[in-house]
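In what comes next, subunit A is part of two complexes: it sits with subunit B in the first one and with subunit C in the second one.
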Partner chain A sequence: MKKMMQFMGVLLFVTALLLSGPAAWAEEEPQYGGVLAWRITSDPPALDPAHANIVISARGANLYCETLVEISKDGQELLPMLAESWEVNEDSTVWTFRLRPGVKFHKTGYQGKPTANGGREVVAADVKYSFERLLREKAARAYFLNSIKGYQELFDEKADSWEGIEVLDDRTVRFTLSTPYAPFLAALSYTAFSIVPHEDAEKLGKDFNFQPVGTGPFILNDWKHDNEVIFRKNPDYWRKDSAGRALPYLDGVNLVVIPDSSVAYLEFGKGNIDVLSDIPNEFYSEIQEKYRDQFQSCPTLATQYYGMAVNKEPFDDVRVRQAFNYAVNREAINELVLHNTFIPGKGVLPPGMPGYNPDLESYTYDPEKAKTLLKEAGYDKGLTVTLQYNNNPRHKMIGEAVQAQMAEIGIKMELQASELGAHYDAVRRGDVPFFRAGWSGDYPDPDNFLYNLFCSDNFGQKGNYARYKNDDVDAWLKEARSISDTDKRMELYRKAEQQIVKDAPWMFLFYDTTNLVSNEKVRNIHLASMGEYQTPLTEVWKVK
Partner chain B sequence: MFAYIVRKILYTIPVLWGVVTVVFFVINIVPGDPVAIMTGQRGDEETLAKIRADMGLDLPLGQQYVRFLGQLCRGDLGTSYRNNEPVSSAIWTRLGATARLAAGALFLGTVLGIAAGVLSAVKRYSVFDYGAMFVAIAGVSAPVFWVGLLLLLFFAYTLGWVPGVGYGDGSFKYLILPMITLGIRPAALTARLSRSCMLEVLSQDYVRTARAKGLKRTAVVMKHALKNAMIPVVTVIGTQISSLLSGAVLTESIFAWPGIGRLSVDSLLARDLPMIRGVVVFMAVTFLVVNLLVDISYAFLDPRIRYD
Partner chain C sequence: MTDVRQNAFDTAPEENPKALSSGSLWYEAWLRFRRNRLAMLGLFMILALVGIAVFAPQLAPFDPYKQLIWTEGSKAKLAAPSWAHLMGTDAYGRDIMSRVFYGARLSLQIGFLATVVSLLIGVPLGAIAGYYGGWIDDLISWLINVIFAFPFMLFVLAIVAVLNNPSMIAVFTAIGLVSWVSIARVARAQFLSLREREYVESARALGLPTRTILFKHILPNTLAPIIVQATLGIGSIILMEAGLAFLGFGAQPPEPSWGLMISDGQQYLTTGQWWWAFFPGMAIMITVLAFNFLGDGLRDALDVRLKR
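Coming up: the complex of A and B.
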C-alpha cells in the first residue's frame, strides 16, 4: 500500500510537471517579428555541431543546424527532419534515408556575408560528407556511430571515405552497419550528427566553429564573445506552420551571456531577458509562484546517483550497497532540500525515457532494514565512508542531508569536495570507492543509459564508474542493442534494470527535471523533454 | 634614461621566463584531464587519445615545455583547446572591454581618491576628513559582489537610470555601474594613501617656508606639496593598473562584462592550458611594463631621481 501510494505520488508529480506550463496561447494568431533573448550562463565553447558537446553549445547549434531525424516533444518518438522517410532491413543493419526535397543551406551567413554554398539544396553527398567530417575533426561523440561499417578504417586513416555510408542518388543515402545496432536512429538525433555544407566547412576550416552554416531556422549573425551570440531569421527556411505560413516567426534569437543567476533573474524581471532556463534552486519556488502561467517544467533524461565501486571495500558486499539504498529518504531530501525540483529515483531510467519502468521493485526508506543488512554484512558497529563530490552548492546540500540520514543507521559519512575535472579524473580511474555522479541522456534510448553505465565493456571513461559486472546484465544489454523488435528490447531493458537495482552498484537518488520561465510576451514555447537547450524556437512568437 | 629602460627590459626576460615556467608546471600538476572536460566528461578512449595526441598532450612534460617555449619565442601563444581560437586573438578581443573598464575604474579611483585624500589631509580632523576616511574604510572592506549587486538593484532595476548588465553597443551608459563597482576599492586605497602622504609632506620645512613667504594655502598644496606626496601614490596606482588590466573576475561576472577576467576563469575551469598560459603571460607582461612606466614616471615627479 505504501509503495502504491509512493508510486501514485510520483505519477501525480510527473503528470503535474508535464501538464504545467502555459496553454492559453494555443488559440492566438501568431505574430511575426521580434527578437527573443535567451539567457545562457557562459560563452559557448563551440557552435560547430561536431564539437557541441555541452548544453550551452548545443543550445546555439540547435538553432542553425539540423539532423536527419528529430525527437518528438514528449521524447518518445523519432520524427523525420532533414530525412523525409527511411527504411530499415529486418536485422536493422541497413538503413536507407530519403532526404526531404527543397531544404536549402543558408544563403548568407555570418554578418550577412554570402556563404560558399550559395544557398543550394541539401543532397545525399552532404550527409556522407558531414558524417565523415566528424571523424576527420575527431569529434568526441562520433563513436556513437561506430557500428557503421568502415568506422575504424576511416578513424585510423586507413580509408579515404566511410565505407558504410553510400550515396545512392541526390536524395538517397544508405547506412550499412557492421553489427545490428537498434539505437541507431535515436543516435542520429544527436546534435553532432547535423548536416553541414562541405563548401563552407572546407573554406573556413577551424573558423567554421565561429561562422557555422546549416539549414536551421536561424543563421548565426554575430558572436560577441562572453557577451551575446546573435542569430537572425533564415528567410528560406523549409518548414511551414500548420496553416502553411513561413517559419520562423521570430526575427532572431539572442543568446545573452549572464553568468550570475541573481543578476539574470533581475534582468528577466526587468524584461531584458525573455527566457530564463535552468532556474537555480534559490529562486525556484518564487518563480514558480510569481510566474505561474509562464513557468514550465518536465522530467528530463538525466539521473543523479552516488556510485559505489563494487570492487572496493566495503562496497564489494551487496548487502552494504543495499543498506545504503534503504537508508536514504529521497522524498524528504527532495522536499526539504531541493524544493521538489527533482523526482525521487527508483532506478536508472528516468521517467520519459522509452523503457522507463514504473513498476520497478526498488528501495524505500527503511532504516531498520538497512541496519539489519549492515549487521549481516558484519558492520553491526557501523562504518565510516567518504563521499567525494564535485564542488557545487546543490551537491553539497544533498550530501549533507544524506550524511545526516546515514548517521541514523550508524554510518559515518564524510564529505569530500573536489573540483569537477579532478573529481571525474579520479572517478574514471576507479580511485574513489564512493562518489557522486550524474548522467544526462544523449538521445532517447535506454541503451544510452544502461549499456554505457552498466555493461562491463564500459569500465571507466565510457561511464561504468562503479565497475559493475553481471554476466546476465551484460548479455541482456548486448542482445537488446542488436535486435529491432522494440517490445522485446524493452523487456530486456526491464530485466537488466531490475537486476541492476537488486545488485545496487549505485545509491539511486533522483531523476532530474528541466525547466524554464518565459516572459508574458513569449508565445508557443514548449520545453523539450531532452532539456531546455533542445527547446525548439521555430514556432515561438512574441506579442508586440 | 635609455640605457636604464633597455636594462630594465632585459631584466624582465628572466622574470617572464620564471613566471611562464612556474605556470606551465603548476597547471600541469593540477588534476583534471583537459580533453575529458572539453568533451563533456564522456567519450571513447581511442578518440580522446587522438585528441590528446593532436594537442601534444601525449608528449613527455619536458618536451611539451620545450615546445611551448619555442612557440612563445616566435610570439605564438598557441590555440585554445576549448574552441580552437588563437589565444592571442581571444585576449585581444577581450582586451578592449577590460581596458575600458580598467581605465574607467582607474580614472574614478585616482580622481576621487586623490581629491578625497588631499582634502582630508588639508582639513585634518574635520567632519569631511572623518566622513571621507569612513567611506574609504567601507570601500576597502565591502565585497565587490555585494557592492555590484546593490548598485544594480538600485540604479538599474529600481530607478532605471542605467542599463543592467552586458556590454550592449559599447556605449558609456553600460560602463557606469561596473566602473563604479570596480573603482570604489582603488579610490578608497588611493584616498587613504594620499591623505597620509600629504600629511607627511605638509609637515616638511619647505612647505612651512613656502607658507611663511606668503604663498596662498591652495598654491602651496597644489604646486609644492602635491607633487612630492604623489610618488608613493603613483606606485600604488601603477600596481592597480596592472591588476585592473588583468581582469576583474567578480565585477565582470556580475555585470556580464566580456573581459579578460572571465576569460581566465572559464579557461581555468575548462583546463584550457594554452589559454591559461596565454593569459598569465599577458598579465606578467602587463605588470612588468606598468612597473617600468611607474619607475620612469618617478623622474618626472622628482627631478632628483636619476637612472644612471
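Coming up: the complex of A and C.
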C-alpha cells in the first residue's frame, strides 16, 4: 500500500510538472519580428554538429541545422523532419528513407555572404556525405551509428565510403545495418547526425565550425566569442505554421554569454535577456513566485547518481552499496534543499523514458536497515569514505545534505571537489572509488542508458564508470538492442534494471527536471523534454 | 591577501640604549603600548577571539554540523536572525552563530600554526643570508624575490595540482611556502646591520661558535621587528585562508570555515538572506582588524625611533 501511495505521489508530481507550462497563449495571433535573447553560461565550444556534444553547443547547432527525424514534444515519438517517411524490413536491418522535397540549404551564410551551395535543394547524397564526414572528422558520438555496415572500415580509413549507406535516387537513401539495432531511428535524432552541404563543408574545412551552413530556421550571422552568438532568420525555411504562414516568426536569436547567474538574473529582470534556463537554486523560489505565468518545468531524460566502483573496497561488498542506498532520504533532500527541482530517483531510467518502470522495487529511506547491513558487512564501527564531485554549487549542496544523512548511520563521508575535466578523467580511468556523476539521454531509448552505463563492454570512457559486471544483465542488454519487438525489448530492460538496482553499483539519487523562465513578451515557447537546450524556437514569437 | 608582502621594517632600527637592561626595555615598551588605545582594543579583541575559539563547544548554542531541516522542516531553512538563532540559519538549518564560533577555531589555528612555520623557516634563512652575505645571501635573496614575484593564486593552484587534492594540507603548504619570505626579509635586514656591531665583533674575536653568535647575541636584538612582522602576518594568513576557502580550496564542507560560509552564502545576498554570508564576513573583518591594530601598536611600542 505504501509503495502504491508513493507511486501515486510521483505520478501526481510528474503530471503537475508536465501541466505547469503556461497555457494562456494559444489564442493570440502570432506577430513577426523581434530578436530573442537566450542566455548561455559559456561560449559554445563548437557549433559544427559533428562536435556539438555538450548542451551549449547543441543549443546553437539545433538552431541552424536539422536531422532526418525529430523527437516529439513529449519525448515519446519520432517524427519526420528532413525525412518525409521511412520503411524498415522485417528484422530492422534495412531502413529506407524518403527525403522531404523542397528543403533548401541556406542561401546566405556567415555575415550575409553567399554560401558555396547557393541555396540548392537537399538530396540523398548529402545524407551520405554528412554521415561519412562524421567518421572522417572522428566525431566523438559517431559510434552511436556503429551498427551501420562498414562503420569500422571507414573509421579505420580502410574504405573510401560507408558501405551501409546507399543513395538510391535523389530523394531516397538506404541504411543497411550489420546487426539489428532497435534504437537506430531514435539515434538519428541526435544533433551530430544533421545534414550539411558538402560544398560549404569542403570549402571551409576546419572553419566550417565557425561559419556553418545547414537547413534550419536560423542562420549563423556572427559569432563574437565569449560575448554573443548571433543568428538571423532563414527567409527560405521549409516549415509553415498551421495556418500556412512562413516560419520562423522571429527575426533572429542571440545566444548571450553570461557566466555568472546573479548577473544573468539581473539582466533578465531588466528585460535584456528573454529566456533564462537551468535556474540556480537561490533564485528558484523567487522566480517561481514572481514569474508564475512565464515559468515552465518538466522532467527530462537525465539521472543523477553517486557511483561506487564495485572493484574497490569497501564497495566490493554489495551490502555496503545497499546500505548507502538505504541511508539517503531523497524526498527530504529534494524538498528541503533542492526546491523540488528534481524527482527522487529509484533506479536508472527517468520517467518519460520508454521502458520507465514505475513498479521498480527499490530503496526507501531506512537508516535502521542501512545500519544492519553495514553490521553484517563487518563495518559496525563505522566507515570513512571520500566522495569526489565536480565543483558546482548544486552538487555541493546535495553532497552536504547526503553527508549529514550518512553521518546518522555512522559513515563519515568526506567531500572532495574537483574541476570538471579532471573529475571525469579520473572517474573514467577508474581511480575514484566513490564519485558523483550524471547521465543525460542523447535519444529517447533505454539502450542509451542501460547499455552504455552497465554493460561490461563499456567500462570506463564509454560510460560504465562503476565497473559493474553481471553476466545476465550483459546478455539481456545485448539481446534487447538486437531485436525489434518493442514489448519484448522493454521486458528485457525491466529485468535488467531490476537486477542493477538490486546489485546497487550506484547510489540512485534523482531524476532531473528542466526549467526555463521567459520574458512576458515571449509567446508560444514550449520547454523540450529532452532538455531546455532542445527547446524549438521556430514557432516562438514576441509581442511588440 | 597581498598584505603578507608588507614589510614592517625594511631598514635596521637604531641601536638599543645600552644603559637599560633588556627587562626594563620590554617594560618601557609595554608602557608605551598601554597608552595606545587602538592597540589595546586589538589585544582585547584577540583575547576575546581566542576565548571564543577555545570555549566554542561551551559557547555555541548548537552543534555546528547539525542540519536542523531534517527534523524541523523548512522553517529551519535560512531562518532570519531571531532569539533562537541570533545569526540565523543556513540552507541546511545549521546555526550560523555556532558555525562562526567554531570557525574562529579553524582560522586562529591556521593563523598561528602557519606563522610558527613561517618563523621557523624565515628566521634562520634570513639570519644566514644577512650574517654571511656573499653568494649565500644572493641565493636566498633571489629565492625570496622569486616567491615575492610569483602570483600567489597561481602558486596555490600549482600546489593543488601537484598534490591532486584541494584539501587543508595543500593550502597549509602553500601558505607556509609563501608567507615565510616577509619574515626572512626582515630578519635578513636586521642581521645584515647588526653583524658589523662592536659586540658582535668582540664575540667573534673571542672565538665563539657562529651558532652562538647568531642565535644568542644577535637574535634577541632583532626580535622586536620580527614579532611585529609576524603579528601583522597572522591577519594576512587568516585572510588568505578565507580567500582560498571561498574559491573552494582548503576547508571542505561541512567544515565551518568562514571563507567557505561566505562562498556558500554569497548568492543569497541578492535574494534577501544576507545573514549567511554577512556574519562570517564580519568575523573575518574583526579578526584581521584586531591583528592589524595589535601589530601596529607593537611597532609603535617597540620601535625606539618613533618614541615621542
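Going forward, the second predicted complex is superposed on the first by the 544 of 544 C-alpha atoms of A that agree within 3 Å, B and C clash if a C-alpha of one lies under 4 Å from a C-alpha of the other, contacts with A are read in each partner's own complex, and residues count from 1 in each chain.
In this text, a contact is a pair of C-beta atoms (placed from the backbone, for glycine too) under 8 Å apart; a residue touches a chain by one contact, two chains touch by 3 or more.
Note that the structure is a prediction, hence the values are computed from the model and not measured.
With both structures placed on the common chain, the touch criterion links A:Ser262 to subunit B and to subunit C.
In the superposition on chain A, A:Lys224 makes contact with subunit B only, not with subunit C.
In the superposition on chain A, A:Glu84 makes contact with neither subunit B nor subunit C.
By the touch criterion defined above, A:Gln416 reaches subunit C but does not reach subunit B.
Within the superposed three-chain model, A:Tyr424 lies in touch with subunit B and out of touch with subunit C [touch as defined at top].
More residues of subunit A are in touch with B than with the other of subunit B and subunit C. Within the superposed three-chain model, A:Gln403 lies in touch with subunit C and out of touch with subunit B [touch as defined at top].
Once the two complexes are laid over each other on the shared chain, residue contacts for A:Asp251 go to neither subunit B nor subunit C.
Of the two partner chains placed around the shared chain by superposition, subunit B is the only one that A:Asn209 touches, whereas subunit C remains out of contact. Residues 262, 266 of subunit A lie at the contact with subunit B in one complex and at the contact with subunit C in the other.
Note for the complex: subunit A touches subunit B at residues 42-43, 45-46, 51, 53-54, 138-143, 146, 155, 206, 209-210, 224-228, 256-260, 262-263, 266-267, 269-270, 272, 419-422, 424-426, 428, 452, 461-463. Put simply, subunit C touches subunit A in their complex at residues 65, 67, 69-70, 73-74, 77, 91-92, 165-167, 248, 252-254, 264, 267-268, 270-271. Across the interface of their complex, subunit A is touched by residues 30-34, 36-48, 50-51, 54, 79, 82-85, 90, 93-94, 149, 152-153, 156-157, 164-167, 253-259, 262-263, 266, 269-271 of subunit B. Subunit A makes touch with subunit C in their complex at residues 261-262, 265-266, 280-283, 286, 329, 332, 335-337, 391, 393, 396-397, 399-401, 403-405, 407, 414-418.
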